[in-house]
Structures are given as C-alpha cells and as structure tokens.
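Both complexes below contain chain A, partnered by chain B and then by chain C.
The block that comes next holds the complex of A and B.
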C-alpha cells in the first residue's frame, strides 16, 4: 500500500476519462467515413503513410522490406505490449474517434469483440480474390466470422502439440503418450519415480490454453443462430477436459502453479517440468525461458481422447486487420495481403519472426529447417504441418474477454482447492458469467 | 445598501485588485477544472449510462449508449458478490497493515529522536528509501522473493531444514501483499512523525528531566501526545491508500492462483473497465469507492478532531 500509487492510479483514471471526454465531442463520424473503399486516396499526394500496431517478433524486418519495395506506401511499426493492452488502446481510440493505427495485429479470439465495437474494417473488396484458398477453413472462418465480410488476413496460427524432455523420458523409461489416458499414466509414473518432477501443470492464468484443449475435445464455446448468439461453454466436451485435469491436479500428479512465472521458467530449465502441453511457437518460448535445455526437447502430437483420433486445438495466433479509422484502407489491405500471403512475406515471418505462418502455399518453403532450439528433430515442421491440418473448428463470441477473465478467477480457485469437482463447477461459473454478460449488454442469447 | 456607504475614492483600486486575484487564481482553477472536476462529472455521467446491443452486435451501429438510471449502482452494490468480497479482503488487509505500519513508523521515529541515537542520517535514509521504489517494482521484487523455487530466503530455509511456507497460498497471501505495503510505507510515515518530533521545543524535555522522567517516560508522556495530530494524519493517509490498493496485488496476480482479478475494489474497477470493456459499471463502482472514502475519512476526522486538536484550539 502506498499513498502515491493510489494518487497515480487516480490520476491515470482521471486523465483517461478526460481524454475520452475531450475527444468524444466530435468523434464517431470521423472514424472511417472519410476513407473510401477504393484505392483513390493515393492519387492526390502520391505517398501514403500507414501505422502498424504489433507485438510479433520480426515485424521490423518485414516492414523494412516492404518500405524498400513500395516507396508510395510507407509503413511505420509501433510496438505494443501485447494482445490485451493493445486491444484496450484500440478500443479507447475507436471510442475517442481518432488515434487508431491503420493496421493492427489482432488475435483470433479478439476479432468478434473488435468487430462488435466497430473497430475493424471489412476489406473483402480490397483483397485478391483467391486469398481464401491460401488458408485452412478454420483459420479463414476466424477472420470472416462465417459471413461475407473479411476483417483481416491470417498471419500465424498456433496448433497445439505436446513437448517433452527426451533425456528425462529416457532416464525414467517413459513412453510418449498417445492418448490422454496414457498421459495420466506417464504423469503418475514420473511423479512417483521423482516426487519433485511433474509432466505438466494446469495453468489457471492461461485461458487460451484451456480453450485450445476444449477445442480439441470438440467444444465450440460460442455459436451464431440467426440473429442470436448461443454459449456452449458448459458442454459435455469442456466438462470432460475440466474433469480430466481436475483429477490429475487432485491426485497431485501434475502441478497446479501458473505458467509464465519466474518459478515456472526455473522448473522448465531444471527439468522439474518435464513436459509442456503447448503450441507450435513453443520452441521460441523454451529458448527464451529455459536456455539450458537446448536439444533436449522433442515435439509430438497432442495426446488424443480416443486412440487413433487425430485432432488438436489452437493456442494463439493472429491476423492483421485494417481498422475502421484508417483513411487508406485499400493500401493497408494491400500491405497485409503481401505480408501474410506472399512467399517473400511468409519467409520473413517464419525465418526472422519465428512464427508459424497460416499461409498454406508458403509454409513448406519457409519452414524447411527445424527450429534452432530443436536441432535434432529434423522433421519438426513436417510433423507440425500434419498436425495443423487436424485443428477442430471453433467459434469465438463477442465477449471472449469476459469468459477468459471468469476462467482466471474460477479455475484459480479450483486449482488452489485441488478438487476435481471444483474444476467442473468452474466451467459452469464461466458459462453463467458469459451468458449474463451477453444478456446484460442486450445481445440476443439463445438458450 | 452597504456598498454605497463604503464607497470611497479607492474603490476602483479595490476592484482592480479583485480582478488581479482572479488572475492569480486562474491557473489553479483551470487545472482543477480540467483535471479533477470535469473527469469526476464525466465519471458520474458515465455511471448512469450503459450500452445496448441489437441482435448479434456485429457491424456498424449495432451498439448504442443509453440511460441506465441507477442500475449500474444497484449491480455494483447488490448484484455483484465480487465487489463486497473485495471490500472484505481489503478490510482485512488494512487491519493487518495500518496498525503495523504506523506502529513501526512511530517506533523508528522515536528511536531516531532519542538521545544518544547514532548514525541518524544513515538510518533515516535507509528506512525511507523503500518508499522511493515504485510500487510495481517493489511488488516484482517481492514476488521473486516469495516464489519458492527462486526465493533465496526459502532456499536458505530449506538448506537449514526449516519449513518453507508458501507465502502466496490462500491463508498467507493477504499478509504477503500487506508486507510489500509495509516495506514501502513505514519510511514515509516515519518521516512525517519524525518531523513533528523535531518541532517539539527542547524546554519541555529539560523540564521533564528535571522532574526525573526517564527517556521512556518522556517518549510516552510528552512525545506521543504532542505528535498525535501527525499520527492522525498518517492514519488518514494510510486508510485512503488501503482503500485504493491496486499496484501490489495486480503485479503479483500472474504469479499465483490465489489473487483473483477482483481482489481489491480498484482491481474490480480495472477489470470492468479494461478487461470487460464496460466503463459504465466501472464508473459506478468508482463513485461508490470515492463516496465511501469520503465518508470514512471525514467520519474519522470528526471522531478524533476534538480530542486531538483541543490543546491547540484552547
């Protein structure tokens, strides 16, 4: 507790409230209406300047290449802190009527929220006609929300896989689990052999991770039914996933501490966490957070619910979108189409950004060598490409933020309680909070 | 009326000085209006509004802002157990923190002021220094010290065979957060009390010593009563800061499952405004917190004022 911290927060709140007041007077109509959907706005001055909010690695390199080749459309990268703060900033700018960038990195699960706040422009008229064929159906649906409008061009995706320490598996004679039943057995065996070691952890701070696991089990948390939303978080599939992890936590065979803490980094580094249920971008995280373990990890498909199945979910991944305030929508659309679907762009995304490009035609050339942190797994990206095809469809709704923050609180309590029943109850809590929020906002919700 | 009778040759000059006074006042008045009064009025306005959505809520014009009456307030006070829960947690936090912090601050101030105290400047600065560390940095720092695997304290405790409690567990987490506030807050409060101690005329001490009072008796009978107004001031500051605790739990939150996103009232405001994108109910909760702070502060002042300041007034 600190007096000045209170004052500071008060000042920030007051200042942001003021910013909103100051700008909202003339706002609203300014956003987007002046920007024609045709490319005519370049004609007058010749040169167009675009701003680009992003937090993905390698964006400076890709923009430098574009700027060198397109002297008339110059892009400036504006680094953001990450998904949540950037969305907050964008929504504030939209409400204020000015201040939004032309191009914005948008995580897939945030797109419905942003569209519902009228923050993203429909760029279907400004994109090449064959662009749809570059992407898997699941990915394309994420940027169209299933309609004719297009709210972005997919950049990378995050199909989930299972990562494990080959040296520790060898030491304890463990086999790579192919089903979740086997995963539970391996987890129990490892923890019995060395009580300090865990095969994984259930993280109550990573809602996207749990969403991906529910997606693999066949859940799709939102749905559109005519002009009504449906919410299916509390479905049999999600309950199955929650009960499974709740049982493992209750038995104590996997850890219950959050991911992405200094504690977790140390555990990855010293082998206390011998496995990680993660996504395609995991090598970069391991390299940064557990530098001592280079060459000791391997990747395998996610364990399946039934032997012989072939399914996975997504954790992470983003598109690039044009905001509704951009005055140069056609140019911005041209830039993001080049960045995310030309071979030149995709190469830089993969090699300098370490991203897993969503663009299917460009993938094989861009991803010829395994990640630097996994030098021994030479078929890394071949395996990954097979897994990526098995991503189950999933629909996000307009209040993912509410569901996710409810996940943090409800599963935070459940993991702390180490009770399987509490895990299942937490799913119900999420469902109730999400439905209540939609109804409170005036959305039509189908029961 | 009166004005006619006071009319004198220097009336014009007086009006002139009146204008000038307004000129002097203007910068403060403008800043006050722009950065305090207007945002408060705007927050009040927002707290009475809400957004209504048509159908799927996608596309242009699907959202409209409408009057909500007092429904945001009703929801904050009655409909949402999160808010009352956060008030309860912060009350416990304040009960732990404020007495400990002010007790230590008073003790340190008295020790520094005692006759024969050595290395005063150094001690004063080292006790005060944590206050200069921003709360976010302090919380990150303590966060590392709390996490079992990276904490040097717990490492040493483990090596010595002592128990290694998980201070971020459910039963200890309030104390863990209060400890950060304590670390940062003692120095500030000590300086306030110490300054008041320095202002006591030394004749009082001489008189006491002639009467045979010990150092402890002087501290208890003279120093503490004289610095009572400072203690009241620091208590008031601490109470307000307790109600507004935010940075410490917010920074520790990603490290543990035990701090929810609505742990303190201000965290709930932050979640509603920036995670749920509902600035309307956030504004209503802010107004409730502000009102509660006013009532508690002025209630407390009324309660103690007569007793503490009576010597000065009489």
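The block that comes next holds the complex of A and C.
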C-alpha cells in the first residue's frame, strides 16, 4: 500500500513536469519573446520577432514607428536596469546558451568586454556600405575596435560640458571658469561667500564621469599592441586629474557626496549644488530632478587644463548591437541601422528620447531647437556641436567593469578620507586591480 | 513581519487562568515594556508613514519639502504611474499576484504532501531526506538563484513565467513546518481508523489529514506568499522580458535608468505603496481565520 502511493505520487510529479514543459513552449512563442523559442527560419513572407534590451528613453516611440512600417520585422522593447546590471544579465545568458535578446543597447565602454565574451555578432556584412561616413572617427572606432568587424551602430554620444546656475553666479558675482585653475578659484569663492554652497561634487560612484575627465586630460586607459593589451590608468594625465579633485575635496571647497542620490537631487533643487560637470544629456536629468530650476541653468565648455585649449571627454553614450545568440542577425542589423542613422530614426532619438544622436548628417535637423529646460540658451546645440568635435581619443579594454568597480572602492575611501594623497593612491589601486584581472583572464599584458 | 510573529502568542493563552488577585497585578502595564514596544512599533511604522507621505508629493516637493508633511499629489502620482509605458505597472502587479498566488498554492500543496509523508509514513531514507530538507532551510534562496538559472536555461525555460514559478514551488521551510504540524495535529489513530474503514491513501490525505492540518497550511501559504511577493533576486535573474516582471524588479528598473536619465523616484514610491496594499489586505483577512484555527488545533492536540 505504502509503496503503491509512492509510485503514484512519482507518476503525478512526472506528469506535471511534462505539463510544465508543454505549457512553457506555448507561452514562449505566444509572447514571441525569447530568442531561443522563436523559429529559426526567415522564409519569404515569414514574420520575424526581435527582442531589444535597452534602458534609453524614447525607445518605445521609435520601435512603434518601425513596427508600423515593417510588419514582417516586429521589435519588442524590454526595458532593463541601466548599465552594468544589463551587461551582467546578457553575459549570463550568453554563458547559459539561451535567453539573450536579439538587439542590445551597448555602452561604448562595454563593447570590448562583450566582444571578448563573444556576446556580440559581427554585422559588417548586413549594414549599408556608407554607414561609416555617418559617424566621427572616434565613435566608429568604438564599435569596430579598430578592426574590420562591426559590432554595433552608434546611437548617441555624451560629450562633457560644464553646467552652472546663472542666477547664483550673478548673485555672487562669479565668472564662468575657462580653465580648471579658474574653476578652483570660483569654487573657493562661492564656498567662502556661502559655506552651504558648492560649485560641484566629486562623485566616487560615477566611474564614467571620472573617465571622461581623464580622457579630456589626454589619458587613454587601455591600448592594443598586436595581441597584447596595455593598461595606462596610472598615467601622468590621470594622476593630474585625481590630484586636482583631491586637492579641492581636501580643502573642502567642493562636495564629496556621490551624484544621483536623493541628497544630491535635493541639493540641485535648493541651489546647494550651483554647478555640475556633466555631459550633453544633462538637461533631461536636471528637468527630472529639479524641474523648478527651469531656465536658471546654462551650459559652457568644460574648463581646460591650459588656457586656449579645446578638449573634452565623453560620459555616456551607447551603440545598438546584435547579440551572437540572435537567429535573425540580418533583420536586427537592418533595424538598428534604420533606428540610429536614418533621419526618421534620429529625429525620434533626439526629440522623444532627448538623446544626442551620434549620427552626424541627421544631427543638425534633429537638434534645431534648444532643450526645453534651457529655453534662454538658443545656441545650445550649436555650442554642443563645436564641443563634440573636441572629444579626445580613448580606448577601452576588455575589463572596464573591474577598473570601474575598483574606482568605486578606492575613490569611495579617498573621498571619505578627504585626502589628496589618497586620490593619487587610488589611481594606482585601479591600475593594479585592472592589470591583475587581465592577467587572470588569460590576456597578454604588456607592462 | 510583526504580524507573523504575533501569531503564536495565542497559544500562550492556554495555561489555566490564575487567581484573580495575581491576574489583576499582571494586568498592570509594565512601563519599560510598554516603552520598548512603542519604540519597536515606531521603528516599524515610520517607514510606512514615510512612504505614505512621500507618495503624496510631486517630484519637486519630494526633495524640497519637510519629510513628514503630506501634499496633495497622490492621485497625480498614481495616474502618472499608471500611464508609464501603457500601464505596465498594473501588468507587473498582476504578474506578482500570479507568481505569489500560484506559487504559494503549489508550494503549500507540495509542503503538505511532503510534510505529511515525512511525518506519517515509514520508509527507508526518511531521516536522510528530512535532514537534507532541514539543511535546505539554512540555505538562503539567493544563493540558489544562479544555479537555478543555469539549469532552467538548459531546458530553455528562462524568461518565462515558469522560471519564477518552478523554483518558488519548493520551500524547505514550508515542508519542515508541514511535517511538524502534521505530526502534532493528525493523530495516527485517526489515519488507522480511516484505513480500516477502507479509505485509500489519497482519501485519507485529502479528506482527513489536510483539513486537520489546515491552520498550519495557512501559515505555510502566508509565509510563502509574502516571500514570493517580495522576492527580487530570482525574477531579476530569470527574466529579461519586462512584461513578465513582478513589481519588485520593475520598480528597481525605474530607479536604475542609467546616468543620463533621472530616476523616477515619485513613481517608485507610489508603486511601492500600492504594492503593499494587497499584502496588507491578505493578512488582515487571512490572519483572523489563521489565529482561530491555530488555537483550535492547539486545544485538540
């Protein structure tokens, strides 16, 4: 009797397990979602479903337009957590062998990592031949890594600028800094006039921000030499940037709190943060976090290391890539080429997404009016276009995530300690961690 | 959580009432105890009050007005949240209800069968099985999420409803609880009597044991329901399709929009407030039934 019931339960479990797999097959194709469950064939007249992992704004609008015009290539947007989490998820899916989307938003600094994990497909054969001419050399290099393969189509870029509160500058008689020396003086003057106010903050949680500043100073943290990688994080240029900000934090004339916290949002609202070293997409963030300060901000070129120089770095910016698991690579490539390089697509990117399109021919038409949050700065995008031309070259390596998390740790401690020496030491810590990880990963590292 | 802990207190009402004199002195409130309890209550309720007031503020007011001063924008916030990507939030709510409802029901069934089997049957390896389950109680579910992902990826089940439902169905703690409860509340004599009368094992289980175990099973259901409702890691790893997300993963996405986007704080706070309402309602309705039966079971045992 007892054995009997045991067998029965076993049979029920087995049966329900079968049921489970049967149902999941149906559910998957009904949703048309997973790359693994869609059929492999692209026979004539066949409908293709593509999934698109992204966190950029305006993607729903652009996909809706595409889907209406291309009934045979239907795209579904799956919004993901921005940045690192999405990359981790993609890499896990690649290793597991299924579950990756067809199209993925890829930040420029993540492309080498993804390529070295075989997560991205080479779509050079599926793209229009003249696509290269749509982009600046630096941007195109980011998606090709300097080779003949193409791992994505650039979508937007993030040249860095300096944003400041015109009303507060007027109130305290401050002038817009043109060099970093002047920035330090203005920061000291503002903080002396009103000790609650700061001209900016050093954010130990935004590695991309610091990378952009190092890029402006002439650093390029990775390099390729034949088959060997080199790591140059601990260079004179990076040290200069770290020491500069370390001094300001040590003197207490700028804040040491991270950006993108509720506290920082409050500071943007009440004018405690009177300036922000940021990038072209800043108006959207300011609008979202401090809507009442509309019209009070202005944008200027980043302060320079030497008077008369004209250089900046990038913070943010993404391409769209086709993953190696996609079964419809040609269709996916067609979609991302349209989205990021047709006038139709670029217009939506700029107007509905608030992105700064990387596509040069489409840029000027799409960005005719200033951002709604900066109504008084009518030449906003003209100034921005000039600044964008001055982005310094920079090469990312295959373990940016390690360098960035090392940045968070080392600079987190340094900003807490408010010690300039700790800032410079943190650069060395980043260098050591990055080199050690590359070697562990089996890469050849040139010392 | 506080409500969960308060459940078993009912059992302590069991000792016979002492003499009147003692009881009146025991009834006098202990001042230190009251203060400690008040602080505890304050500690638990403050975040809830914060969510309540914060969800009535507009995006501008959120970071610029006094923390506990409510405003008038609750309805606007709910409308804005509902408008986000065509009402995706309510789909997340429905998903969460599905994951928690179906998952907790299935988990309760599995726990009841396994616990009953372990308590009332003799079979080789019983002790080993129970020890493994006991060890499973100690392993946090977070640790298992990645291996479960890799296993489900092998059979192509990731990014489906099943990828969250299947791992939620087995709860070592639920099985453990069901075993303890079955041992205490279902007398062997009753089972023997049913068998003597010719009932088959399924009938003994379904018609006699399950009703007797019901208060324990409600506990298992509630625990598992809350655990799945609040689970983040498992669906976060398993799901890529945002139409399958539960509320936890969806709201986290609204906060992590990348550096070039402002985080949608007001929507997240309003969403968090709305997401605890069903949980509260479930507790208030089920808890009464649960306490009564727990006490009844205690007397019968």
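Rule of thumb we're sticking to: the second predicted complex is superposed on the first by the 404 of 447 C-alpha atoms of A that agree within 3 Å, B and C clash if a C-alpha of one lies under 4 Å from a C-alpha of the other, contacts with A are read in each partner's own complex, and residues count from 1 in each chain.
Everything below uses one rule, namely that a contact is a pair of C-beta atoms (placed from the backbone, for glycine too) under 8 Å apart; a residue touches a chain by one contact, two chains touch by 3 or more.
Because the structure is a prediction, the values reported are computed rather than measured.
When the shared chain is aligned, no partner comes close enough to touch A:141: not chain B, not chain C. When the two structures are aligned on the shared chain, A:316 is found in touch with chain C, with no touch to chain B. In the superposition on chain A, A:171 makes contact with neither chain B nor chain C. By the touch criterion defined above, A:443 reaches chain B but does not reach chain C.
Of the two partner chains, neither chain B nor chain C is touched by A:419. Once chain A of one complex is fitted onto chain A of the other, the partner contacts of A:97 are limited to chain C, with no touch recorded for chain B.
In the superposition on chain A, A:78 makes contact with chain C only, not with chain B.
Legend: residue contacts after superposition of the two complexes on their common chain; A:262 is shown touching both chain B and chain C.
In the superposition on chain A, contact is made by A:118 with chain B only, not with chain C. Where the contact sets of chain A with chain B and with chain C meet, they give residues 1-2, 4-6, 9, 20-21, 260, 262, 266.
Of all residues in chain A, those touching chain B in their complex are 1-6, 9-11, 13-15, 17-18, 20-21, 84, 88, 91, 112-113, 115-118, 145, 147, 149, 204-205, 224, 227-229, 256-258, 260-263, 266-267, 272, 398-399, 401-402, 405, 408-409, 411-413, 415-416, 437, 441-444. Within the complex formed with chain A, the chain C residues making contact are 59-60, 62-64, 85, 113, 117, 121-123, 146, 149-150, 153-162, 166, 201-202, 237, 240-244, 252-253, 256-265.
Only residues 1-2, 4-6, 8-9, 20-21, 23-24, 27-28, 31, 33-34, 36-37, 51, 53, 55-57, 60, 76-83, 85, 89, 92-93, 96-101, 158, 206, 208-209, 260, 262, 265-266, 269-270, 279, 281, 284-285, 287-292, 315-316, 355 of chain A touch chain C when the two sit together in their complex.
Partner chain A is touched in their complex by these residues of chain B: 34-36, 38-40, 42-43, 46, 51-63, 93, 97, 101, 131, 134-135, 143-144, 147-150, 169-170, 178, 181, 184-185, 188, 237-238, 240-248, 254-262, 266, 269, 271, 274-277, 286.
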